[in-house]
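Quick heads-up: structures coming right below.
Each of the next two complexes has chain A plus one more chain, namely chain B in the first and chain C in the second.
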Partner chain A sequence: MDIQTKKAGEVIVLEIGGRIDAFTCEKLESELHSIMNAGKLKFIVNFEKANYISSSGLRVFLGAYKKLSENKGQIKFSNMPDPVLKVFALAGFDKIFEIYSTEKEALEEFNEKVAESKKQNYA
Partner chain B sequence: MPEFAPKLGKLFRIFEKPGEPSFTVSELELAREIQAHLLPKAFPSADHTEIGTLYQPSKYIGGDFYDVIQIDDRKIAFVIGDVSGKSLHAALFMTQCLTLLKVFIKMDLNILKIIEKTNQMLFELAKTDMFATVFLGIYDIHYHQLSYVNAGHNPPLLMRTSVEIPAKDYHPMTMLTAEGMALNCITHMVLEEKRIQLYEGDILLLYTDGLIEACNEFEEIFGEAKLKGLVTELKDLPSQEMAQKILERIQGYSKSSQIEPDDMAALVIKLKEVA
Partner chain C sequence: MSEFKAKLDMCWLSKIADFIEETAKAMGCKDSNIIYDLKLAVDEASTNIMTHGKKSQRKDYFMIHMTKVGKEIEVEITDFGKSYPFDQVKLPLENLPLEEKLKNGFGIGLIKSVTEKAEYKSFPDKNVLRFYKYF
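And now, the complex of A and B:
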């Protein structure tokens, strides 16, 4: 598994490639925690290059989701290939997480929420 | 355990290679003991069901569990589950999960309430990043009906083998799907209870994802289609022999794989002649 990280404004985008399983998820968890501990609260995880995820991988994202929710942060998911989406859907995680077809859509959703929040502040 | 043993355990990391999970010797042994104690040693209701089991933990620690519980003289519960993660925490979470399920099952609560109450208790007790997928079925031997809920688990297979089944109920193979989600994710679960009529000769296969996600040397998974084919091929064997053969065939399929296999667990349940 490999992880590429990039920034899109305030949003951290993680592009994950390969297998996310019991043996590779420690690295993923470590990376996520490191960035969260640095105070980042907005994440997009792009699965375009991922080909497999196990329940251990889902656990990492569930933990990140709950921790971010406590701190008013958010994590969104995008570009899931069918085998990965199927695992999320089977566990019911598609009812909890926001999953988008593309990274662009996920980013637009973050930007829309920022605009909405600014509008409310000015009202 | 001697007082100094936990401290000694922490000094020894048995896995130093990158990409492999790190455990201490004592944590691994403890987790394995916990799991070994959880699995049932005998099954009830041999007059109505013939049960075979398959259990193959992964190289390190297993996260799969199952049980068959007699609720009263007419209801039996079948449970199979899969806990996320491979650690001492996961083994303890498995204990919490299965114990809570068994308590609420034995209280003879409505099947949805069993899962909802287990979820509520886990939310109070367990680590936030742990979750478990569970399938729970309750078989009424008087009406020959199975009620079931699926909390995010692989849907079991139901194979009909009798030719005397009414046309409306006949299908050679079906999957027991129901809307649901894993335990310990959110407080208010989305769950659906379903019911299905069972007949003599029906074969239920409850299993965990390790069976269908076993890979060969080309990283091709075994998959649901092959598993269905295997159940069809082995249907005339006694339950325990069938379970054993399923394990052997999947292990044979994945023997040259470079990928470490996940845990595998299954219950093969055959319905006997019903009076």
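And now, the complex of A and C:
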């Protein structure tokens, strides 16, 4: 598994490549925790280059989702290949997580929320 | 029939996946979705053996056998540790909260979901998980 990290404003984008299984998910969990512990609370996980996920990977995302929810953070997902989306759906994760077709759409959703928040502050 | 001897180490999961994919293709299965389901089922079973049953294993490996019968692939996984409650996991799991679902044999639920039929038998010296997938 390969993880590339980039910033898009306040949002951290993780581009994951390869397999997310019980062996590799420790690296993913460590990366997510490290970024969250640095105070970053907005994530997009781009699965375009991921070719596999097992229940071990789902557990990592559930843990991150819970921790972020407790701290008013958010995690969104994008570019999921069909087999990966199928595993998310079998777990019912497609109903609680925000899954977008593209990274751009996920980022726009974050930006719209920031704009709405600013409008409310000015009102 | 093809067989694979897997070590009780998580770093073997990708080697196991390669074996499943190569063997399924050699058996005539070209559908990438079916190969994915086979890899997922074997991965979940292997992870169970490597984690929950690892301390009780009497051997430092487990065996995977793949057999083609017509348009069906049969996968048999034999381990030598403590059995796990395969039959207690019932589908569907939707009525459980997400966290509980992942705790309560979600991997086993996935195996049952993505295969045509899955059965588990425990013997004094080994456990045998067998499942089937049409292609």
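Going forward, the second predicted complex is superposed on the first by the 123 of 123 C-alpha atoms of A that agree within 3 Å, B and C clash if a C-alpha of one lies under 4 Å from a C-alpha of the other, contacts with A are read in each partner's own complex, and residues count from 1 in each chain.
We adopt the following convention: a contact is a pair of C-beta atoms (placed from the backbone, for glycine too) under 8 Å apart; a residue touches a chain by one contact, two chains touch by 3 or more.
In this text, all values refer to a predicted model and were calculated from it rather than measured experimentally.
With chain A as the common reference, chain B cannot sit beside chain C without a clash.
Using the contact criterion defined above for the overlaid structures, shared-chain residue A:G92 touches chain B and also reaches chain C.
By the touch criterion stated above, A:V60 is placed in contact with chain B alone, chain C being left untouched.
Applying the stated touch rule to the two superposed structures, the overlap between the chain B and chain C interfaces on chain A comprises residues 19, 21-23, 52, 54-56, 58-59, 62, 66, 90-93, 96. Within the complex formed with chain C, the residues of chain A that make contact are 19, 21-23, 52, 54-56, 58-59, 62, 66, 82-83, 87, 90-93, 96.
Those residues of chain B that touch chain A in the complex are listed here as 19-21, 58, 60, 63, 82-86, 128-131, 133, 151-154, 180-182, 185-186, 189-190, 209, 213, 259-260, 262.
Considering their complex, residues 10-11, 13-14, 17, 32-33, 36, 39-40, 43-44, 47, 50-51, 94, 98-99, 101-102, 106-107, 109-110, 113-114 of chain C touch chain A. Touching chain B in their complex are the following residues of chain A: 19, 21-24, 26-27, 52, 54-56, 58-60, 62-63, 66-67, 90-93, 95-96.
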